[in-house]
Amino acid sequence: MQQNTSSEPIVSLRDVQKSFGPLKVLDGVSFAVDRGEVLAIIGRSGSGKSTALRCIDRFEKVDGGEIMVCGHRVDRPDVDLRALRQDVGIVFQSYNLFPHLTIEQNITLAPCAVKKMATGQAKELARKVLAQVGLEEKLHAYPEQLSGGQQQRAAIARSLAMQPKVMLFDEVTSALDPELTGEVLKVIEQLAADGMTMVMVTHEMGFAKSIADRIVFMHRGKVHESGPASILTSPTTPELRQFVGTGNLKS
Amino acid sequence: MQQNTSSEPIVSLRDVQKSFGPLKVLDGVSFAVDRGEVLAIIGRSGSGKSTALRCIDRFEKVDGGEIMVCGHRVDRPDVDLRALRQDVGIVFQSYNLFPHLTIEQNITLAPCAVKKMATGQAKELARKVLAQVGLEEKLHAYPEQLSGGQQQRAAIARSLAMQPKVMLFDEVTSALDPELTGEVLKVIEQLAADGMTMVMVTHEMGFAKSIADRIVFMHRGKVHESGPASILTSPTTPELRQFVGTGNLKS
Amino acid sequence: MGGHLNINHLIFLGHGALWTVGLSLIALIGGGTVGFAIALARISPLKSVRLASAAYVQLVQGTPLLVILFLGYFGLAAIGLQVSPLVAASASLTLYVAAYLGEIWRGSIQSVPKPQWEAAEGLALSRTQRMLKVILPQAIRIATPPTVGFMVQIIKNTSLASVVGFVELMRSGQIVNNSLFEPFVIYAIIAVVYFAMCYPLSLFSQRLERRMGRGRVNLAPA
Amino acid sequence: MGIQLDFPAVLERWPSFLGGAALTLELAALATMFGALLGTLAAVGRGTHNALIAGACKVYVETIRNTPLLVQIFLVYFGLASLGLKFSAFTVAVAALTINVGAYTAEIMRAGFEAIPRGQIEAAEGLALSRVQIYWHIILLPAVERVYPALTSQFVLLMLASSVCSQISAEELTAIANYIQSDTYRAFETYIIVAVLYVILSLVMRAGFWGLGLVLFPRRRRLGTPL
Amino acid sequence: SADLLDDIMKAKKIRISTDLAIPPSGMMDASMKPTGSDVEVAQLLAKDWGLELEFVQTTGATRIPNVLTGKADIIISTLSVTPERAKVIDFTNRYATLQSDIGCMKSSSVKGWPDVKDKSIGVSRGTTQDTTLSNMKDKDLKIARFDDDATMVTAAVSGQVDCVGSSATIINQIGVKNPARVFESRIPLATFDLAIGLKKGEPRLMDKLNAWIAENIKNGKLNAIYKKFHGVELPLDMRG
């Protein structure tokens, strides 16, 4: 699955603008992600990280700029949303598993409904992706019967079942305690090793450092600093330096 | 306010037992806290930390064992609950400020209603405790107008206004992002420096290490290991070693 | 039968409308007071009180208001208690409304999150203080929209008080119709008058609901 | 006082009572079924971005909720007949009750829809489900589960309210009671029996809804926890 | 307990239970004052006995409970006498009669019972017309019962029913406001005696009422009232 050799970025943002009412949340954000690359977005609360991520999967419409994802022009009003979302998987902080469905039903729902996959085949697939996140035995459990870490892994499996070309993660571990965080990070690490293209918003500096190919530090709606993981240990801007400093309290 | 010289423990648990239905949550827990001491309870999710804390303030009735808090026999059915709770302040993860009252009203409510304090005096007190947590300017704000970290500090101030002899904290920072966590931890550090007796359940290993006089590591409803903060760096049991090890991923 | 709609008919209908308003007010004040007691009884620490109030609620909610009114007026008289129509209607409506408001309010009180109860407890507040200062102020916010929604139903249901001799809006319409025989005109007028009384309340309840965020469910009877 | 209750004289007409109770239950069951459907559609309609549909649904809900059921039934029954459309009293009763309870259901269902966390819908959108699929798989059942107690109460109330159908010659329980009491002049006995029957019917309906809930909400059956 | 007649005389007031929504016996005039044949009978009775008159507003269903529970003294409200009902309350001698017919559209071809076989017949629920028709099991009639006369008439006018079973008076009234659907009597159904109703066990009041009725039949006053509202006279032996 290693596809690190590619010409064109799979996700690219160019001068993206986004306001909520009077509040300018994204003020000319640009970055690109190549096939097989892992990009971590960091920054303090309110700096626009989640908004940037949500724009990529068109949960927010942008006010200006250009977003290109797997060949879809996401900024255009006529983008084919359902096609886009078959190429992009997104996982949120709050899992958002469907509480009335078992884990298996959570996973098979989209393949059956969207890709018209046969039930038997979908169940086979569910087993496979659950194994990938180490949750085979929870096939018939309901979400609330799982711990937070397990729920988050099930949510990742659900996204994987759609075989997306790129995965987006928004602080997928910040609702979890250290031990459960560990479980989920291991799964993501494995995905990275398998060559999945990923964009992740995270507070886990240590993890970002160890897994990300590139880091984007956002500040006040702008990409304030970006570069390889090493910028975390030797930041050039005072803002990133301060951010990394306060973050350390948590360690 | 330094009262570190004292003979008898202010909180003591002896062989405390507690089950929820068939589930044995506390299985003979014993520990004691001296006046002016800071005790941190750590352990993985579900190990019974919160339950132990809640038993101290009689939010759960114990099935067996003995709990003594500031001279109250908490395990007895005839314990004077309101007297107990005037001596004990408790702060939860989810702040639990009263949303229909301003911060000032949140703080003055109990002193006026329980201690029959005059309104003017209570307001004076509110100003004082808010200053203690660095929130003077939020006197007339409603909880929802505050950030998470500010809400948590207001909740601590509300407890302080009852001038408790001992404070209990249950994962007071785990709903907060690193920056806000920093604010709250600073307040707790100051309280410790002022000599307040405290029992805190926490996931912040770094913080526990730096502030706690003693650490209790709970595992499967038992106190598995306990001792000075140094046990975190040189754990003797494999369970604590594993716990601290996974915790490190977060740093 | 015969004749045309004239000012006297309209005045008669107006009187009926006034009775409708009056009966509604009685129902709400009486039912509100007793309903509050029911709500507290439903969450009482005493099991017997809880069971008794639950049985009461089940019984009343399973019986048509018409039957309650009938038995309240003639049934009391049958066992030797002569009560005026006004007393009988007030008592019956009170019992009926109390069962519904009691349930709505119990739900509202219980939907104040458990941590709030615990936080109040942790501050050493007494049971009464917790109720009055922490729980009720929050429960009222939750309860107001469904309560107002229920008021709309009560306004319409007071029409059943005609069984004990009240000539309220619906009955006055029937009487006018029986002497004029203009059903469409008269029922249209009645519908409009009811709408004029109910819609502002509906609107008000929706405003409230929108203002304090959603999530509460309306327990409104037909 | 001078009242001698003579239940046997009224109870000997038990087949009529039973027939009336059966018709009441039948009216309630049919109106519940159609009303649930109509109300759900109206609730969905109120949530659409199409201002015309949303407005029409709002007018429907508000008009019905703020006028008496009796007037609605009269207008449907006699209004249709005046236009030359003649339906049986039973058909009209079912239609009028459906229209009535549909409006209440719409409000309850809307509350249910709005109680679905935004994140659930975003997660479904993220999985490329279409709008219809999202309503069907993600919103509908959890929404119903949340408002199930309110829906149950509403439909029991509908059953009680169906008594006004006696006005248009439907022979339901109240109509039977009126007939028997004016034929025998034994109003007390009749109304007491009718009250008992209505309480039984409401318990039957609640039991029915409880059973239906077991089928509809397997998660709840297995875990017993609220959503 | 005390005698009801004494109570009435002592109170100088008689409370009469009358349904004011069943024209032409009880209804409201253009200035919303009670009027109708039963209303005038009641007024005559009160005047003759020198009593103040109070109408107890009632619906069809509560006429009887009103006197049983002492909320009214007597009922004058088109009560037809049947043996079944006589088990619950006492009836005086008749003070009027009610001729009931099957009425149909003027344009219809109904002449006798065989013609109404597949027609729907509207009646007021629980009236003696209803009971009479319901007992004709052999005729296999389609009966639609309404809660009151007004609703039944509305059904006839709007076409929900083809025929009505009612008093001749009401049948004739249908067409007054609706020239498009004029009804007329086609099949005679029965003649019912209307009587004043009172609680059982009041023989003195009963005797006094019967004496009053006999007297006012003889002097023709009851007949005059009847004719004024129903357009026809009482049977020969009641015309005084």
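To keep things simple, chains are lettered A, B, C, D and E as they appear, and every chain counts its residues starting from 1.
Assume a contact is a pair of C-beta atoms (placed from the backbone, for glycine too) under 8 Å apart; a residue touches a chain by one contact, two chains touch by 3 or more.
What you see is a predicted model, and the numbers here were worked out from it, not measured in a lab.
*Asks:* What are the mutual neighbours of subunit B and subunit C in this structure?
*Replies:* In this structure, no chain contacts subunit C and also subunit B.
*Asks:* Which chain has its C-alpha centroid at the greatest distance from the C-alpha centroid of subunit C?
*Replies:* Centroid comparison gives A as the farthest chain from subunit C.
*Asks:* Taking each chain's centre as the mean of its CA atoms, which one is most distant from subunit B?
*Replies:* Here the answer is chain E, farthest from subunit B.
*Asks:* Give, as an integer number of Å, the spacing between the C-alpha centres of subunit C and subunit A.
*Replies:* Each chain's C-alpha centroid was found; their separation is 52 Å.
*Asks:* Please compute the C-alpha centroid of subunit A, do the same for subunit B, then give the distance between them in whole Å.
*Replies:* 35
*Asks:* Pull out every residue in subunit A that's touching 2 or more other chains.
*Replies:* Counting only residues that touch two or more other chains, subunit A contributes none.
*Asks:* At least two other chains touched by the same residue of subunit C: list those residues.
*Replies:* 70, 74, 77-78, 183
*Asks:* Which subunit D residues sit where two or more other chains touch them?
*Replies:* Residue numbers touching two or more other chains: 1, 3, 74, 78, 82, 187-188.
*Asks:* When you check every pair of chains, which ones turn out to touch?
*Replies:* The set of touching chain pairs is A-B, A-D, B-C, C-D, C-E, D-E.
*Asks:* Mind listing the subunit C positions that touch subunit E in their complex?
*Replies:* Interface residues on the subunit C side: 1-3, 6, 8-9, 11-12, 70, 74, 77-78, 82, 162-165, 167, 171, 174-179, 181-183.
*Asks:* Using the touch rule from the top, collect the residues of subunit C that touch subunit B in their complex.
*Replies:* 115-116, 118-126, 129, 133-134, 137-138, 141
*Asks:* What residues of subunit D sit close enough to touch subunit C in their complex?
*Replies:* 1, 3, 62-63, 65-71, 74-75, 78-79, 82, 100-101, 104, 107-108, 111-112, 114-115, 146-147, 149-150, 153-154, 156-158, 160-161, 163, 174, 187-188, 191-192, 194-195, 198-199, 201-203
*Asks:* Please output the residues of subunit B touching subunit A within their complex, sorted ascending.
*Replies:* Touching subunit A from subunit B are residues 44-45, 174, 177-182, 185, 203-207, 243, 246-247, 249-251.
*Asks:* Using the touch definition from the top, list the residues of subunit C that touch subunit D in their complex.
*Replies:* 58-59, 61-68, 70-71, 74-75, 77-80, 152, 156, 159, 170, 183-184, 187, 190-191, 194-195, 198-199, 202, 214-222
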